[in-house]
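One chain, chain A, appears in both complexes that follow, with chain B as partner in the first and chain C in the second.
Let's look at the complex of A and B:
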């Protein structure tokens, strides 16, 4: 009797250790799913998490993201760890078909085996199954055979695995692993080439994270360019931005707001520090004149005698928040003076933010208090062009002028009632 | 967190989160209810106050960003000659309808007249474009700004 109860006790404690281990593994998997921001593409607004159905435009047609909940019929419930791994790191589904590289498997390829297993455990055991059939893609039949993707992979997808760079410390290498891998930052921030491939997947190449236009937003240059990149941001600035969406240089907008809400605000301080250490190591793509504050604009606006085109419009529509100094109230309301988005050679984000404002940014359940309102109803294309051109030439900013045609094009493409499907739109 | 801000010439101490909008501090902590909450989103101008003489939206001004700047609200607008002319013109022409937007209108108008004593229609349009009025008193506002400019000349 005593022996029996002893066995029972030992068994129970073993089981609870196993349960705790499993819980640890799924918690780690959940963390990794956040770091990879899987939910951004594999869900639709108002839909069930990870059930897929988000439509994305690609150069060959519209595809829809898939159900990655463990439902055996419509999701990945029948996937073994090997199946899961092949899809995640090589872009090959369980039935052998090649995934479109809108799925960032070329980035996920660097993931470690342990992390793949933890992610698998999380999806299989902690994500509730949702029965929701995948939507068909509307890629025309002559373009729909998937075998060319194998060729694409051979040409462009990096070979799996992460090789730590011995020239850098462990923190930097952790940052490289997160940025190049799970974070798949390059999917938006690295320019794409002729076959829509990201031009580079790693720190060694100057195109990596050099900024790219996607979906009428200019995803910023994340390298050390002193004017148009993050060259003046400290590691603490980068950490603050990824945690809260704001720092003294800039505030998040567009799909970066969602990346922060769903992913980076959940990362540990150590991981954010690793990402920052990695990003500040990426050299600038070109030498730029550093931004220097010039008080002339503020003096002219203060006296009410600013007569540069756009100055009066700025005074009437923008100055009450962004101030005559262009310095606004960071980290709450972003400055325009010296802001890399204002200085960006590609004005798409600046135009887009003026026309369409910013969405609420919720960092760990806490919504931000200040938001850019829309001006698409109040301002004409010519007025927006004048205001934006004024911002790009004031307070020491030096960036090319913007035309009313550029504004008109973005206004048309971002019309809220449009059913146009845009590349990689994150919700 | 403790902040000391200068409002209408007096140092005021408040204990609020740095992110709190100046408008909340003015109305709820300092009981200066003349400044109105319209949209809370930089869209209407009802919350306009002066920061070092410049019109700003109090709803979009975190208290942490105020620093040593001088804040002037509608309660103290009559302390300058320009403000007095604006008040007189507003009364003479009976500008307000419901009145809700008017504190903000007066703050913007006073800032305009302070640096541009004889504004053209174009100046008025530009300076007042951020202040909405549901009652559409725009023509009376324009006339009153011109009247206040006249009062300033004599």
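Let's look at the complex of A and C:
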């Protein structure tokens, strides 16, 4: 009897060790799914996680993201590890059809084998299955054959695997692995070429993360450009931004808000430090005049002499939070003085934020305090152009003026009542 | 019938939250009923560009103007000072300025010192540890060493004085009068999950940043984690009593408007100096025909407001006057009784910054400082961002004719009789206000201000609701005893500003909460013999 209970105890402890290991593996897979931000595209607001159904516009038509829960009928429940791997790193589904490259498999290609396995374990064993049929795509029939994607892949998709750069330390290489791979930062921040391909997938190319316009948002340059990029950001600044969506230079907006809410705020300090170490190593794409604060605007606003075009509108609509100095109250309210988004040659994000405001920044489930309110109802195109031009020419900022036509175009395309599908949901 | 609870607290504001948190130590089953909702910080006016406009709407300080479904009407026609409050989790701490002076030791002994009103049955020394505990829980910023007080320290450094505060400081130095950086509940560093103040200046209509302590973000998270239940949208109609004359529970209307009976072993009232007498008067029965716990006849009597005299002017340079919290320093030069003056007791000066641009335009247009026509903008430039001001919080003495009764006609949305306020400013207080206005003119002159304007008393200034169920040892001259228990009903406690014997000359929240913690502690000390 004693022996028997002893056996039972040993068995139980062995079982619990095995269970703990399985739990470790799915926990690692969950972490990787966070790092890859799979949920951002494979869910719809208010829907079940990973059940797909998000419509995305591409240059050839609208596609819908798929159900990646382990439901055997409608999801990936019948996928073997090899099937999963082929979809993830090569963009080929279980039935052999090529995925559209809205799925960032060209980035995921760098993932390591055991990370793919951990991700697979998580999706198969920890994600609850959801029975939800995939939506059809509406790509016109003459463009719908999938075989050209194989050609596209041959031309543009990098071959799988990650080769560490021996010229850098382990931390940098970890950062490269995350940024170029799971993080798929380039999907938004790298300019795209004639076939909508990202121009580059790695640190060696100056186009990588050089900033890009995607559907009326200008995803910032993440290189060391001193005015329009992250050239003045320290590694600690980058870490704070990815963790909370805020730092003393800027705050996140647009779909970066979702990246922070679903992905980067959950990354470990070590991984964030690795990403920062990697980003600060990317040289500037061009020499820029560094931003220097000029107090003239603040002096004029403070003395009530706001005669520059847009100054009075700024005083009435913006100044209460962003201040006469344009310095605002970072990290809670972002400065306009020296902010890379304000200095960006492409004013799309600035216009878009003024028209449409920002969403709450949620870090690990905790929302921040202040929203940028929307002004599309209060300000005309001309007024927005004047305000934005004023911001871009004040406090030492030197960026080109903005026209009312540019504002009108973005206003039209971001009309909230439209049923137009937005590429990569970047609205 | 609902399950019986050990402790039922009515009201989740300054005092209710503090007592709930303190009593949670006992592991008793504690329930708080709140007639308002949990607040959404992202909905606060400070999160939008229309924050000034909303002070005339859903964030008006007066419940009669705000008229949210969670508010109840108050007939204050017969008062030159209108009642202001807020109803929601956190109560009026949602919409206060966070100015946080304590009462002075002398305030508890006015009969002995000045021959007026009555002494309190507690003193400053008794409350001192509860003041300190409350400062820690609410998160107080301040500077140690104020000569107006016994030694005390604050857990956070004081607010910056800013241009207007520094200007006032210099003026007071020139005059040789006391001033000190204010104690406030505005966080100046990260504190207990709250972010520090970023000086947007939109404090009074609630703080999106969470820098301003309101009990929904200070006491309540701790109390709820400790097991206290908080039920919102529950408006209590009356406290019921049993055959033994003890409180048996309350009848309330739940979120769906359904009548509920909630039995309880102990009932604690934390509904402020108007809500508490209203509820006691609405709880009249055959056994308590004049209202519950009212054998003294003092329930609703001796209402004290602190009439405010406000004086402001304009300086010749921008002073960031609508930046940062409205109050950053105080003076208690004229706080204690001086036999050379024609009044007893005294007042605190609280030094204000300016107002928002819309408020400046509206108030200046109304006051005739801002003419229409060609010079309109030039005139506005000389006003905007240049206002500095101060107000005197004048001690109100308890007077029988200042009272809260039930309005014979007016009812709230549940048909519960609404309170009626009758109030006139006493002669001693009027002389005090005149004195404060004269001193304020001297201060503003020393600070270089011109175009002086006076608003006295401030119309929408009935923040401090005190004295309507006063504490004392004599059951004939007080409603509750020296530790908050009603003389008439031995399981009924009152912990809000109603129990104040006199009003002092300071914003009362700090002292209200210290008293609530003191009473909760008295309950904990006496659990075995609580009803003896």
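FYI, the second predicted complex is superposed on the first by the 414 of 427 C-alpha atoms of A that agree within 3 Å, B and C clash if a C-alpha of one lies under 4 Å from a C-alpha of the other, contacts with A are read in each partner's own complex, and residues count from 1 in each chain.
One rule holds for everything that comes next: a contact is a pair of C-beta atoms (placed from the backbone, for glycine too) under 8 Å apart; a residue touches a chain by one contact, two chains touch by 3 or more.
Predicted model only: the values in this text are computed from it and were never measured.
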{"item": "Room on chain A for both chain B and chain C (clash or fit)", "value": "clash"}
{"item": "Partner chain in contact with A:360 - chain B first, chain C second, else both or neither", "value": "second"}
{"item": "Contacts of A:304 with chain B and chain C, given as first, second, both or neither", "value": "both"}
{"item": "Which of chain B and chain C A:332 touches, first, second, both or neither", "value": "both"}
{"item": "Greater chain A contact set [chain C / chain B]", "value": "B"}
{"item": "Touching partner for A:373 - first (chain B), second (chain C), both, neither", "value": "both"}
{"item": "Chain B versus chain C as contact partner of A:321, first or second or both or neither", "value": "both"}
{"item": "Contacts of A:313 with chain B and chain C, given as first, second, both or neither", "value": "first"}
{"item": "Segment of chain C that clashes with chain B, given the candidates 22-30, 76-84, 112-120 or 202-210", "value": "202-210"}
{"item": "Those residues of chain A which chain B touches in one complex and chain C touches in the other", "value": "302-304, 316-317, 320-321, 329, 332-333, 369-371, 373"}
{"item": "Chain A residues touching chain B - in the complex, by the definition given at the top", "value": "302-305, 312-313, 315-317, 319-321, 323-324, 328-330, 332-333, 369-371, 373, 378"}
{"item": "Contact footprint of chain C on chain A as seen in their complex", "value": "302-304, 316-317, 320-321, 329, 332-333, 360, 367, 369-371, 373"}
{"item": "Sites on chain B touched by chain A in the complex", "value": "19-21, 41-43, 45, 48, 53-57, 60-62, 64-65, 112, 115-116, 122-123, 125-130"}
{"item": "Residue numbers on chain C that touch chain A, as the complex places them", "value": "41-42, 46-49, 51, 195, 198-200, 208-210, 318, 356-357, 381, 384-385"}
